[in-house]
Amino acid sequence: MQFQIQSSSYGPIGIAALSGRLDAANSYQLRRQFDRCLRTTGKFVFDCQDLNFIDSSGLGALVTCLRKAFDAAGDIRLAGVAPKVRLVFELTQAEKLFTFFTNTDQALASFNDRSIKLEATS
Amino acid sequence: MKTLLIIKANTFAWLQAVFPDRTPLMASVCNKPLMEYLLDFAIMCGSRHIRLATDMSPAKVEAVFGDGGRWGVELTYALIRESDDLAAVLLKNSRYCFGSRLLVMEGCFFLRYDKQRDYASFMKTAAPGELMSCATGRILIHDDTPFQPALEADESPPPMALTHLQSIGDLYRQSLRVLEHDAHQYVLPSYNTEGDVYLGRNVMIARSARIEPPVIIGDHVQIHKKAVVGPNAVIGRNVIINAHSQVRRSVILDKTYVGDHLVLDQKMVGGCQLVDPSKDTMVKLEDAHLLSSIQILQGWERNRFQRLGHGALAAFLWVCLAIPYVVLSFALKLRGQWRRKEETYWANRRGRTTRLAGVSFNSSGLCGRIAARLALDRYPLLGRVILGDLALIGTRLLTSTVANRAIIEMDASYRPGIFNYVEAENWPVPEPDQDIINNFHLARQTLFYDLVMMAKVFLNKLNKETALCESISK
Amino acid sequence: MRERITLEVPPDLQFLRLASTAGAEAARCTAIAVGMEKQDAFVHAVELAVSEVFTNAVKHKHASSHAWRVMIHFAINGRILEVVVKDRNRPFDLDSAPKPVLDTLPASGYGLFLVKHAMDTVMVHREADGNVVTMAKMVKPEGAS
Amino acid sequence: MRIDQQVMNNICVLIPRGRIDAVSAPIFQEQLTTGDDDNKVVDFSDVEFMDSSGLGALVASTRRLRAQHGDIKIACLYDKVRRTFELTHADRLFDIYDDTEAAVRSFAPEKSE
């Protein structure tokens, strides 16, 4: 995964595309890269379109990232989460913590639009 | 009146696709196999002879229903081929079918009926031909004897309806429908029924757990603290629902472990398969902490971190107990109460064996009692834990007989430890339940958890009047 | 019940019936000892497995060997019947026995496949100068799934 | 083992009695493949045991007869022998009838009316 910073009218936003599997083998990597990026911004969009598997340690990493983002007065918004990955969020109640969008553009736009609060796509 | 059930594999393809390791013929609604509903119905219709004609192996059905003796009927089995139509099946079973009124149930469906109503007299007088059908099956009466119409058919037929089953969603909805609305119409399997709560045998529910009816729970189920089960939950046999988890409007199939702090709402779960019946999406979880099949929990060999942890703890015990071991073994040897014994054990599920030299001693004297409380009988085995061959705490070690191999392959997840989780329980566990308990702990084990369990084992040993002296289990 | 029974049978097909019915009877004893008498499937499975393994031992014997006997041990151990068959033949590999491809209507090759499916566990290992086939099956109460 | 033969409606019906194992399978196979009839029915009602050798003989004969556009149909397969078929999945290869006469009739379904 690679984080890139995109500037927007609402300040810089970190974008990362998660693909394949997010599990014990690579969740550490996510956390490290996230921490590095956190120095620049607290707002993130994770593009999960190509993410097809997540386990509890992957989920744990995402939640840790989210907590840090909250501490930096930011947020993590998830885009394009596949239904079967979404099932794991639902199962573990992590669904309530994150905001979901159908695609990256909508997720990015949500940072610009203050009126969109926690309206997740279902 | 006789009954002929015609069930073909292709009508169950949807089930096989999601749960390949479950026998289609034993697919169940509210923990009762579909096959058993049909059997009950056939009996209510006055059948004493029932034949199952199928192109699948009926062995699993036969293992459960046998010759039908327990139902007071004669149940027989016939093998047919996928391409056989009704006429071909009737011809293949012509001796069975000949000269008798025949109730034929063909396909894969759920049959609604009401156990309080009289079906026998209706079946006796109904005209031959198709009674009902749905997208995936039908029920008909076949009669090659001359038909005598009833003098006056003024009574309306008793309630019967077919619901098609062609997706996991159908099976899920049918289960919940029976549980919510029609439970009283069928004989549902339970050992203990209170209101809308059907409980199986050997169900353990933590005091702080909550059961919200209607709920049906199968045999050998554990529900842990602060878990909430129901409303509208169907829990199969051999299921563990760990602490703080919630299960509502969901169906959990047999042999499933549900981890802690999880929420299952409108889901169907079997082993590590999680299905959302409303969208027909499913995911196979590979994470044993979330959902897993209770049978296949391994990975001990892959988890180096945990093995190191066990090794370190074993080394610690080895150092702590070195002096007592030397002193007490010397004292016991002097009295001739110290015996070495060597035996070969299965080391893992894949058939590797290991030879272990244990000791046993007489625990009646003072030295013996102290040695037993310090678990010195396991002391020589600690080395094997340090080497990473065995777990410090795990399931029972089984000697390398083929019989035990069969046990390992059939029932239990096997991670042999020189101590057992069972020893950490506060109460004596009868032998048949030991494996269930061991499996349960194995399912939730982490290094820290094992540490706590080890502490409990030693506390138990120190407290117990008569410590277990039998070296490792038989 | 814990019992051990041993048969020494000449490697000749005229004793096939003796060997396999002995297997059936051992299975029946196991089932009756645990109070489960309606166990035709269990009895049949053991009879079939012993028949197959014995046939296999006889068919692959060296022409030169006459003096040896096929050793058949039955060990009844509670609900589990263990059968051990020892021969003096060249090694064979159980895993090499493939699932017969039925569509081609093969005339043979069902034997070991059948044994594996009839019994709960089957293992073959080499001992001194022969093969040891060890198999076991558990009596399951009717109604257990 | 003994094998009786009967002719019903011009179809040859073989009635083996006893055990079909490595000892008797060759005789069984020979009987199945001799004669001019390409269609045969095997009545299993008096077979007390059959192992893979017997099954092999049956399958080999079937292959041969099917090559000549004939077939073998199975009749009266009771529990014990049925399990041998099931364990090898050989039941998928054969049409199995619970009555010999029905098996014979199945060779000429159009004439049965």
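Chains here go by letter, A, B, C and D, matching the order in which they are written, and residues are numbered from 1 within each.
Following the convention adopted for this analysis, contacts are C-beta pairs under 8 Å (C-beta built on N, C-alpha and C of every residue); 3 or more make two chains touch, one makes a residue touch a chain.
The shown structure was predicted, so the numbers you read here are calculated from the model rather than taken from an experiment.
Enquirer: Any idea which chain sits dead centre by C-alpha averages?
Expert: Taking the mean of all protein C-alpha atoms as reference, the closest chain is B.
Enquirer: Per the definition at the top, count C-beta pairs in contact and tell me whether B-C or C-D has more.
Expert: Taking the two pairs in turn, the one with more contacts turns out to be C-D.
Enquirer: From the mean C-alpha coordinate of chain B to that of chain C, what's the distance rounded to whole Å?
Expert: 29
Enquirer: Using Cα averages as centroids, what's the distance between chain C and chain D in whole Å?
Expert: 26
Enquirer: For chain A versus chain B, what separation do you get between their C-alpha means, in angstrom?
Expert: Taking the mean C-alpha position of each chain, the two centres sit 38 Å apart.
Enquirer: Indicate the whole-number Å distance between the mean C-alpha point of chain A and the mean C-alpha point of chain C.
Expert: Roughly 59 Å separates the two chain centres.
Enquirer: Going by the contact rule already set, what residues in chain C reach two or more other chains?
Expert: Residue numbers touching two or more other chains: 41.
Enquirer: What are the residue numbers in chain D that touch two or more other chains?
Expert: Correct list: 79, 83, 89, 92.
Enquirer: Is the way these chains touch best called a line, a ring, a star, complete, or other?
Expert: Contact pattern: none of line, ring, star or complete.
Enquirer: Could you run through all the chain pairs that touch each other?
Expert: So the chains that touch one another pair up as A-B, B-C, B-D, C-D.
Enquirer: Contact residues on chain B for chain D in the complex?
Expert: 55, 57-59, 77-82, 84, 88, 91-96, 98
Enquirer: Enumerate the contact residues on chain C facing chain D in the complex.
Expert: Contacts found on chain C: 13-14, 16-17, 20, 40-41, 44-45, 47-48, 51-52, 55, 58-59, 100, 102, 105-111, 113-114, 117-118.
Enquirer: Can you name the residues of chain A that touch chain B in the complex?
Expert: Those residues of chain A that touch chain B are 23, 53, 55-57, 83-85, 87-88, 90-93.
Enquirer: In their complex, what parts of chain C are in touch with chain B?
Expert: Its residues touching chain B are 38, 41, 75, 77, 80, 82, 84, 120-121, 123, 134-138, 140, 142-145.
Enquirer: Provide the residue numbers of chain B that touch chain A in the complex, in ascending order.
Expert: Residues of chain B touching chain A: 259, 261-265, 267, 274, 276, 279, 281-283, 285-287, 289-291.
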